[in-house]
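Quick one: the structure is below, questions incoming.
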Amino acid sequence: MRLNRRHFLTTTAAGIGALAMPGILRAAQGDTVRIGLITTLSGPGQLYGNYIKDGSEIAVERLNAAGGVNGSKIELVVRDDKNSPEGAVTAFRELTGDGIKLFAQGTFTANLLGTLPLLEEADVTMMMVGASALALTHEAYNPRAFRLGFSSPMCFGGYGNLMAQKHPEIEKWAMLRSDVTALADITNAFSNGLKAEKVKAGRTVEILDPVLVPYGGADFRNQISNIIGSGAPGLFNVLQGADAISYYKQARTFGLDQKFKVLCDSANEFAIAKAMGANTPASLWSWTGWYPAANKDNAVSDEVHKAYIKLRGDEYPNWYIGVSHDSILTIANAVQKAGSMEAAKLIPTIETEAPQGALGKIHFRKEDHGFAGDLTYIRFGRDDKNANGWSVFETAQLPGAEFLERATPGSKLN
Amino acid sequence: MFTLVNGLTTGMAVFLVAAGLTLVFGIMRILNFAHGAFFMIGAYVASSLVGSAPRSVLALIAAAVVAALVVGVLGIVVQRFILRRIQHVDEHYMLIATFAVMLVCVGFVKLVWGLEFLSVDPPPGIDAGVEIAGLFIPSFSLFIIASGIVVFLVLDFVIHRAWAGKMITAIARDGWMAELLGINVPAGIMAAVGGSFALAGLAGGLLLPNQTLSPALGDSFLLLAFITVVIGGLGNVRGAFIAAILLGVIDGLNTMFLPAYPGVVVYFAMVAFLLLWPNGILGESRL
Amino acid sequence: MTIIRLSSVDKSYGSLKVLHGVDAEISEGETFAIIGPNGAGKTTLFKVMTGEIGCEAGSVEFLGKDVTRDPAYKRTRAGMGRTFQVARVFKEMTAEENLIVAVEARLQNTGKSDAPWYAVKPSSATLDEVHSILVRLSLDKKARTPASELSHGDKKRLELGITLAGRPKVLMLDEPTAGMSPSDRVGVTELIRDISGKGSGLTVVMTEHDMGVIFGLADRIMVMNQGRKIAQGSIEEIRANPVVREVYLGKEAHHA
Amino acid sequence: MNRLSTYLLVALAAILLLLPLWANSGLVFLTGTTIIVAVFALSWNLLFGYAGLASFGSGGLFSIGAYTMAVMLRQGYEGQFLLLIVLATLAGGVVAFAIGFVALRRSTGIFLAILTLALAELLRITLAKIHWLGAEDGIPSIVRPTFSIGFATVDLSRGNSYYWFVCIACALLVGLTWWIAHGRFGRTLRTIRLDVERAAFMGVDTHRYRLVAFTISGAIAACAGALFAPWAQIVTPDIGNMMRSTQPILFTLLGGASSFWGPLIGAFLFSAIEFSTRTLVGIQEIITGGILLAVVLMFPTGVAGAWNALIAGLSARPEPAKAAPALQPVKE
């Protein structure tokens, strides 16, 4: 990623302005619609937080270019959650104290769990950007919050289902995940999806217990030899970011490509190929929340894609770009339609509206405010013919609604 | 058996990082929080030189050496303009200063190289594996093990045999006396400090193909390196070498016998070691 | 009456044996000096007596009780007070505070702490005692001076004061005049004589290099060489002892 | 303490108490957090600045207090809130005592630091694995309790009442720590930091004093954690991570370890820096690191040290003026 100087300078200047005159935010309040964006902009989560910020800013730019909301401009007020719940709460309280009622927040579940109980008091409507944890629409369900993200049973249940359809011959799967308890949801969802489809087709499948890897480790060779030793022809890999790339890199010398017929990555999509270039595994599936090339007939998707290329010069935006764009879009659309910023009016509007976003029609299930968009899976890999050393081989889409878990707002899903 | 080879690989990787850390302690009596960040900068510098696919093993080593030089110079700058100024105050301020340097380094890396992951492949020649006695071993593992042993032998020779080491030892033990003997103390310290920091850069370069580059890279090794340095005895390179191997093997056995709790046994081992040998297995060394 | 008894004490540092079966008896009220050339084992023997280090064999008795395994603080509580070769005082505290903590430590150890549990300030009795010690050490004008700013001689005095505040039965002085100017040396010698004078009942054990100081203070002298006791007796006896003349005065005559 | 500093302290306390009446709620929340971590830092400095022991795992004790409180409130014991604080404090004290009992005799200095660091990391990893405690996502939606104290009912769930409760509780803790640090016990502890052997030769059982200090420090850290749980209304295993354990170290050294008030000054200074640079997103590390470096290079004795030197300089100035009264032009 290149540092965008113009962008950097404007944020810095705005920051210094705010420092010099604490009242500046209040002064600007007048006739703008202000949306607070709380995301992770320092520490290890910053990579994803930056995507969310970029996507949200693209949305604001596009909406303002189209005339704003009922004639008012949208203003995005961005805060860092400092990678902690109390950081998120500090930012949230600061912005609500300044009178902001519309929020988008995302990256880590715990940070959302920190702010959700505060929505009522400040009469806030919130978009949970890209959040996948079950708790958010189940035991921690809050009627003022909408999950514009893909729940684990949905995207990884669908994933398992897809793999069972594409590779009915594979009867043994190995799984690998970071030693992070929350990720167990993902491996469970995948194996449930896989099993369900197999049973339907009258076949059986053996799914091995996931091999655990320390989070943020540097050496995965022991686990690699464990996995390869299992003899399973299919692998589902739930490592994140740098860990996943290190894993593929270290596994390459062990002949990863030859040992497995199908390699599935959970959700790292192009981060792997962008880092590994010509040494990307020969073929790798990944789930993605937004892939412009798979949404050819969607004009919004195209525009967001173009805006991102203009902003960062990167043709393969992370899925968070699309999701965060649509989060802002959904809020703006609801404010426009409801003509109000009160949650009491916004919530029913968001529940009934289905604005056209980069991901398609943005619609939420009424009972628990879960999102059921299309599920996109991509297969990509090494390609010597392509200049960057890799290309996308195929994409597959499934309707998310079929895999969305039961709605149990307010209580835990069993 | 395979676990042992892997353990050795991990151990040597950790030793490469820990060597500089323990030397800096031996010379300046500080636990350098910025060591992981220097390691990371070394890796990023080397990656900028070789690109994502180094042409040969030599190219990788050359890049590592350049990275070592860059980080060494950076280290001297930090020592000259920051650490030396507060040397006489309270050692704990050195701690806070290295912590601050770490933060600045991480911020700097984010600005220069961005947040996206970078990956460098093992160069041809060490990107495959070899079979030894029916055991498949990645040749890059052998490269890491060899690098670790070479770095250890060179350091051990320099410290215990060569004139330079004796000079540094003299300075570390008694700066005043060393000056009396006609040793240029500031220059000696400068060289030793530069050398110790350079080791972080060298490790960054050599381990480049081992893992992924991200601004969090420094953290992944720092804690293990700290543990190694402490278990081995602060400032004691031989101790660090042994401790690194022990930790690597313990971690390997951990994944073999207790796969549900990866990376946990190392902490228990450390607590046990510290209670059994409170001064490290080979004792503290003032170089 | 014997106040300290050492019986065949052995001590090694690694493979180097520094004490070989040393015996000694120190009587109540006397001033007992341990002398010997550098490396004779004086300081090691001193540390074994005070409990700073243990010994491999032999025993240390204090006031008729075996204290070989007791740590330093227990021996201090039993009545051993000690000063160091290089004066050790609490540098960040003032001279007065140094003595306050020492007096309070004694009161606490003897269960006679007179300040109520909630009190922050030291009791007035404590402050009075501190003041009287300061006067006795001629440090009363420097009561509020941080100890780090005191002169070398004043630090020695203050350290002696800290030790005295513990009201010891035995005063253990490790080279009390080391590194002092001649005038300071005379002052400290006077002070020690004043403290340990007849009637005070105080026993003094000291190591010292300066023969003038030893001859001015000691009742009995023990001479060590290479980790062994080679002689013991009054000043006259030691002066007359041929072995001592040979190994000690003979070699070190130019020194003394 | 000199008079000017006392006035400043009283003024600051008044500002803190009145803060919710005029300030933005984010600032109030941050201030409440700062008050709690400042007390936490104070507990650490009781160990470091007085007993001469540096723990790198104090975050673990903070975490124990926070989790104890969170679990008990979740189990519905909010009516006994004051007792819960005592319980959490005791829990921290007991754990600290156990660790100190085993570790202090064997290791001090950097070894103790690393040992405590490892123990805190082990605790964090363990907490992240326990489903009953919410694993990585912790325990959310912690209630701010309502309880009765015999003659009246205290409702801390409304508005800023918990903020004031935190203010009062922390003031009591600061007072308690001040009393411990300045009384006979604190004086004796200081001698242990300054020269442990010399202290032993005053008859002080240094090991026992250190163990008691370790226990008290752990208990206060856990008490701060217990206050924090209902304040943040969520606890996660990261509440006791390495960053948490370095917090008191940073605050103390920034503020000045040799001053009792140093950790408090450091905590507020650090928060002020963070809050005033909150809009400069993306370059937070460089800003924080740069400011820390600047402070360390400019005030190597901490802010409190610099302040005291300034005060000493100010009060010393009139003297030469007396010596040469007429001719000296006053330069200010």
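When the chains are written out, they are named A, B, C and D in that same order, and each has its own residue count from 1.
In the analysis below, a contact is a pair of C-beta atoms (placed from the backbone, for glycine too) under 8 Å apart; a residue touches a chain by one contact, two chains touch by 3 or more.
Only a predicted model underlies this, so the values are computations on that prediction, with no experimental measurement involved.
Trainee: Tell me which has more C-beta contacts between its two chains, A-B or C-D.
Mentor: If we tally the C-beta pairs in contact for A-B and C-D, the bigger total goes to A-B.
Trainee: Tell me, please, which chain's centre (mean of its C-alpha atoms) is farthest from the centre of chain A?
Mentor: Taking each chain's C-alpha mean as its centre, the farthest from chain A is C.
Trainee: Compute the distance, rounded to whole Å, between the mean C-alpha positions of chain A and chain C.
Mentor: A distance of 74 Å separates the two centres.
Trainee: Based only on mean CA positions, could you tell me how far chain A sits from chain D in angstrom?
Mentor: Chain centres of chain A and chain D, defined by C-alpha means, are spaced 37 Å apart.
Trainee: Quick one: chain C and chain D, Cα centre-to-centre, how many Å?
Mentor: Between these chains, centre-to-centre, one finds 42 Å.
Trainee: Residues of chain B that touch two or more other chains: which are they?
Mentor: Residues 110-111, 261 of chain B touch two or more partner chains.
Trainee: Indicate the residues of chain D shared as contacts by at least two other chains.
Mentor: Only 129, 282-285 qualify.
Trainee: What are all the touching pairs of chains?
Mentor: A-B, A-D, B-D, C-D
Trainee: Quick one: in the complex, what on chain B touches chain D?
Mentor: Listed in rising order, the residues of chain B that touch chain D are 31, 82, 85-86, 89-90, 92-93, 95-97, 99-108, 110-111, 223, 226-227, 230, 234, 261, 264, 267-268, 270-271, 274-275, 278-280.
Trainee: Would you mind writing out the residues of chain A in touch with chain B in their complex?
Mentor: Its residues touching chain B are 1-3, 43-44, 46-47, 50, 179, 211-214, 216-219, 221-223, 225-226, 241-243, 245-246, 249-250, 252-255, 271, 274-279.
Trainee: Touching residues of chain B toward chain A in the complex: what are they?
Mentor: Contact set of chain B toward chain A: 2-3, 6, 9-10, 13, 52-53, 110-111, 114-119, 121-122, 127-129, 136, 138-141, 209-217, 219-221, 224, 251-252, 255-256, 259-263.
Trainee: Taking the touch rule as given, give the residues of chain D at its contact with chain A in the complex, in rising order.
Mentor: 24-30, 33, 128-129, 131, 135-138, 140-141, 232-234, 236, 238, 276-285
Trainee: Once bound in the complex, which stretches of chain D touch chain C?
Mentor: Going through chain D, the ones touching chain C are 179, 182-184, 187-188, 190-191, 194-195, 197-206, 258.
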